[in-house]
Amino acid sequence: MLQVRGLSVVFDGFRAIDGIDLSVEQGELRFLIGPNGAGKTTLVDVITGLTRPTTGEVLFDGRDLVGLREHRIVRLGVGRTFQTSVVFEELTVLENLDLAASFRSPLRSLVRRRRGISAAVAEALETTGLQSLADRPAGVLSHGQRQWLEIGMLITQNPRLLLLDEPVAGMSKDERERTGELLTSVARDHTVIVIEHDMEFLRRYASQVTVLHEGKVLIEGSVDQVRADPRVQEVYLGRKRSDAVGTGS
Amino acid sequence: GDGAAAAGAGDDGIKVGILHSLSGTMAISEVTVRDAELLAIKEINAAGGVLGKKLVPVVEDGASDWPTFAEKATKLIRQDKVAATFGGWTSASRKAMLPVFERSKALLWYPVQYEGLESSPYIFYTGATTNQQIIPALDYLKEQGRKKLFLVGSDYVFPRTANKIIKAYAAANGMEILGEEYTPLGHTEYGTLTNKVVQAKPDAVFNTLNGDSNVAFFKQLNSAGVTAEKMPVLSVSVAEEEVKGIGVDNIAGHPVAWNYYQTTETPANEKFVAAFKAEYGADKVTSDPMEAGYNAVHLWAEAVKKAGTVEVEAVRKAAGGIALERPEGLVTIDGENQHMYKTARIGVIQPDGLIKEVWNSGRPIKPDPYLKGYPWASGLASG
Amino acid sequence: MLSVRDLDAGYGRARVLFGVSLEVEPGRLVCVMGRNGVGKTTLLNTVMGVLPATAGSVVFDGRDVTRLAPHERVRLGMAYVPQGHETFPQLSVLGNLQVTLEAAGGPPEVLEEALETFPRLKPLLKRPAGFLSGGQQQQLAIARALVTRPRLLILDEPTEGIQPSIIIEIEEAIERLHASGLAILLVEQYLDLALRLADRFLILDAGHVVHSGAAEELRGEEIHRLLAV
Amino acid sequence: MNPALLARLRGPGVFAAVAVLALVVAPLLLEPFRLNLLAKYLCFAIVALGIGLAWGQGGMLVLGQGVFFGLGGYAMGMHLKLVDARGDLPDFMVWSGVEQLPALWKPFANPVFALFMVVAGPMLIAAVLGLLVFRQRVRGAYFAILTQALAAAFVILLVGQQGLTGGTNGLTNFFELFGRDLAADSTQRGLYFVVAIVTGLLYLGARQLVNSRFGRLLVAVRDGEDRVRFLGYDPARVKTVTFVISAGMAGLAGALFVPVVGIISPALLGVVPSLELVVAVAVGGRFALAGAILGAVVMGYAKTSFSEQFADGWLYLQGALFILVMTLAPRGILGLVSAARDAPARRAARRAGPPEPGPAGPGTIRAMEEVT
Amino acid sequence: MEAFLNQLPIGLSIGAVLLLIALGLTFTFGQMGVINMAHGEFIMAGAYTAYLLQDLTGRTAVIVALPVAFLVAGLMGLVLERAAIRHFYGRPLDTLLLTWGVSLVLQQLARDLFGAPNVQVQAPTWLQGGLGPLPYNRLFIFALALATVVGVWAYMNRTGQGRRMQAVMQNRQLAAVSGIDTGRVDQRTFFIGSGLAGVAGVALTLIGPVGPALGTYYIVDAFLVVVAGGLGQLRGAVIAAAGLGLLNSYAEFWSDASLAKVIVFAAIIAFLQFRPQGLFVVRSRALT
């Protein structure tokens, strides 16, 4: 479904991504981890057209995404969230979701006034637990609520490939759990790539994990394989108390 | 519409409109014309007014914006029901007001030299038309042996039309036009133009720039080493007031063409200058358009007296042939085209900022806005 | 050290905090917990003066700072790391640190110290902060707070978006700072981390303090009940 | 009646009241000269409506609407001139030395073509310009300054082509409009009705647009253009469409303006008049379309009456007026109105809650107060 | 050929003028995002300062006036900032309208104080004459522009004040909680930006009119320079000013002044097709 081949990104001489090959199958829930600055976000940026790679290609269903403009990529079925969530602050929560849901309708059909709430939007409100805030402008949301809204917007778009950049950062424990359940259910009929630093979350919901380090793929495998890998411990987990972090009581 | 003018003579006086740009780029020039017109009204009132009534000026701001001129003219005519309006400076403002005055059959007195090719029955033109300023200026240059000219002007109708006339004149009189350049109104960067002028090496520059551009032009010309002896720049829109802003250093010695200077020696002018300074300050200067505005009020008052009414058609009829000694000399209204007989005068700018007359036409020239009396100009008016 | 009394605050017509009181004694670490959107950030913003308090008072070191501007509070020794790894994006990493240092008027050595805490920033010193990864920005943000040599450090979810090994380092750093006598007010979602570090707890729900007490009081089921939906 | 229903009816109620005021009361009370001025203000209001769309809703600060106003105005002016000339050359061409009707002018003799060009010309130019700059993501201040420069350049171009455009003078001295005497009071009265009705219809159309999904999308583009891309929309298209609509409105306004005022000249299209319109929108309240219209009429009226009362110093008043409005009521007159309407609720809130944030308060507050 | 070569220094000197009038905007517009339409009137204030000083200093007014005009215009800017602009941070486009109102009032004020007609500032005698096609007064402006650029650059990049200024502009709230007195910084930024306008005004008395409308002649060009250069980018402003100056001079040389202006505008649109954010882009990974 998604194939990344020989990808490199160089910023002013600095190699943020240094020859990555990566392949994700249909219906997979893939976790992407790695130290800060490993290039995870950059990789997602390249896939979604925000950053142009220096070399390499990104094949989505065999089609090269490199050089396509962002909205074209979205229309092919690739959706993402951002590490710092961005929502439309002056629109209400409902309008944010509605706009996300109607991206496939032609511009001219948008001229009609919205009447009622579509099923997809209602469902997203439900999943994100934002019903009570539906008519508030998104600008009033807290950090975590915004993150939920973003996830909701992504889901209403029903993309075939979802890329989530640290979706549970700043969420409380049970919210992380809710997100985890959500992702698992979404992954049943979608392909999902999640960037996360929360090892507890990873352990509970991940099967396949790819570890990036200094712009390269360090190792790919199951959670346990990865956690056991000394290099991963060295550069990412840290030796002491590595297990303690992120574990609930 | 029709009854408007008659209604101008109310019990409490006769309303007259004063419509100039008091704000915007043209305020620089027009404010002083307004002052001169108000002075004339004051003088007339001091002498008992007209038809036993005082004149009451209604002042409006045209704001350097032509449609505003049209709007304010309408307001003066329809709401204030003024007996006559004195106003305008740029040709564009006059063109905008013209339909208003023609449709309402009301009177406009326009005080500035202009490009001719116009003669509206509802406008009196107290400034020069081209055969009273441009052509005498060319005669003067020819006399001086300056045969290669460079034309510099602001990009609008007066300079463009003036230059067309100049080119026709040159073709008929063996003069050569080495260049013709226009800059937008308010342009202040004359490095390139100066370079072009200097490189062309003309005998003289004929300058129809208007407003602030003159300041930049002369400053930059002067610092490029162009002197009045080597290459005089003859201006037709630079008067005493502008000289102050340009800086005498930059323009002294260059010739200008008008019908009036502050230094013009007539008894009427002595009175005018003294009255103006008394009214507005000793450091104030008088200039041609001011004098033409000042004249306009007096000429109109004269016509009203002669007609015995402020009614427009009667005043128009009465005006033809009125002759008054004015600061610039004898001025006679040509009843046919409602322009004035005026004496053309060439002056040179003095180190004290005043202008000294060096040449004049000897007698008032009959106004000929369509240049019908000039065979070489036959192609101009007809298109 | 910091004493907050009956604090009310909100945005426009929406009131968010309702009579919040809390106390941070010198050298103590107080942790504020609560679900998304209960008003934790709002509380810190009000303590720091970013948001005006509509009622109640904030007293720092015996001085009423309720009406002081944020920068004045910084001069008095309060430092704040806002949520969401904020930086001056077009200044270099070094510039980010310098500008704070200069504003606070501290000695240049502090800058070295801060960089020792986050050695991973060292190779990035010249890079514009806006180009850093999320985690790098967060490290920079904490380092920036440290260069002001505060006596009270306020941290809003400092481990958000940070790799596990650095979370450990941050945790250790907080421990060290705490041990050295610095008072700390912390918002943290990782319960176990909070439990290890905090002396006292404050649990917020819908803008009210629903529970506060010593760390020991908050073990076991109790806390889950309080933090659950 | 229940309050929700009342609130729902308030919009249409106000609209109907304004319509009665404009279509019945004003024509009865105002003398022809004043009615004509009102028609002029309404022409500006149509431009302002477009600015309200592009700027208030879409965040595109258009400082060059004069260009589109001018394109519409000149299209109309050219037609009227040709009709008046009755097969000869228009007067200004004669004195500009033009000997043959330029090819550009010829089709404008046809009223249908002229009317078509009134809106099509501005829209076409806006579409080309919009696609060029928006695709390249030129926005914010860059776009604003660019449109301002466009206005400056356009004026210079018009002035420089005297034979074609009448130069600084512009086109003036029109006699008839579709066979009627333009100067007649009855014609002017009819024109007033046309302008008022067009304004009302355009307002309704624009309002529909704003309340539609497209309108929400536009706001989204204003606040987060890049984010919109990741929802699968092309912001360049959204912006271009809006820009084109606002240009079309300006063009139409220009065309109506010409017979109403009797002149179209570069002085109406430059940087300053374009800015004045934006200011009017801000004064009325740019977050609501009604604010744009209100602002244009208020500012137009203020300008006329200030300058009539104080020919010498009216600029002080005008300047002071919008310095005051901008600082004291940054959301414009309509903002004040809605603030007054909400005052009771707010007082209650203030007893319990914090004071109103200053004008620089969080953007989200603005959204909550939005009047549409 | 000679005429052609002459256009080079002429173009550069136009560039110097553009740069001088635009420099202040790199502060108020580039750093603070305030579209200050009254910038032109601050320039005018500088010019009138030189005019007034003449009575005291005679022909050296132009030199003496440089620092005085900086102060005068700077103080005007300060007052404007305190009285009004500070309510508008974060809403750059609104400041445009506000300051335009201010600009109208200042123009009218100048008209009432100094009269509608232009006034004259006499140039020092040693600035008369020139070097080839370049008059000394042009060279003076050139040198002044150069010196000002260097000063501004050093201030922005080599001083703590400059750094604080940048910090406030990039993230106001973070700056405040980092201990920076944002109000002070705003005042200082506006003071300097406006003061630079005053300096430009003094220089302009050497080559142009001094009257109430002075500011309006330069304001559009000044903004174009900043936009083409990239907001807040000093390098950009320098190169853009030089480029626009040269383009202007050659375009006018081959066509005329009107067309040259149109060509310059077209060139800027074309240029923004390649560089939508101006010559030098301030990049960051954040979405807008």
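By written order: A, B, C, D and E. Residues from 1 in each chain.
Definition applied: contacts are C-beta pairs under 8 Å (C-beta built on N, C-alpha and C of every residue); 3 or more make two chains touch, one makes a residue touch a chain.
Bear in mind that the values here come from a model prediction, so they are computed numbers and not experimental data.
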{"item": "Count of contact steps on the shortest path from chain B to chain C", "value": "2"}
{"item": "Interface with more contacting C-beta pairs, comparing A-D to D-E", "value": "D-E"}
{"item": "Centre-of-Cα separation between chain E and chain B, whole angstrom", "value": "36"}
{"item": "Centre distance in Å when chain C and chain E are each reduced to the mean of their C-alpha atoms", "value": "42"}
{"item": "Computed distance of Cα centres, chain C from chain A, in Å", "value": "27"}
{"item": "Multi-partner residues of chain B (each touching 2 or more other chains)", "value": "22-23, 155, 182, 184"}
{"item": "Where chain E touches two or more other chains, by residue", "value": "107-108, 256, 258, 261, 285-287"}
{"item": "Residue numbers of chain C (touch at least two other chains)", "value": "11, 14, 131"}
{"item": "Residues of chain D touching chain E in the complex", "value": "55, 61, 63, 129, 132-133, 136-138, 140-142, 144-146, 148-150, 152-153, 156-157, 159-160, 224-227, 271, 275, 278-279, 282, 313, 315-316, 318-323, 326-327, 330, 358-360, 363"}
{"item": "Residues of chain B touching chain D in the complex", "value": "22-23, 59-61, 63-68, 70-72, 74-75, 78-79, 90-92, 95-96, 98-100, 103, 115, 117-118, 155-157, 160-161, 164, 182, 184-185, 380-383"}
{"item": "Touching residues on chain E, where the partner in the complex is chain C", "value": "160, 163-164, 166-167, 170-171, 173-183, 282-286"}
{"item": "Contacting residues of chain D [partner chain B, same complex]", "value": "31-33, 36-37, 40, 89, 92-99, 156, 159-160, 162, 167-170, 172-174, 183, 261-263, 265, 267-268, 273, 304, 307-308, 311-312, 314-315"}
{"item": "Chain D-touching residues of chain A, taken from the complex the two chains share", "value": "48, 69-71, 74-75, 79-80, 82, 86-91, 95-96, 98-100, 102-105, 107, 110-114, 137-140, 153, 157"}
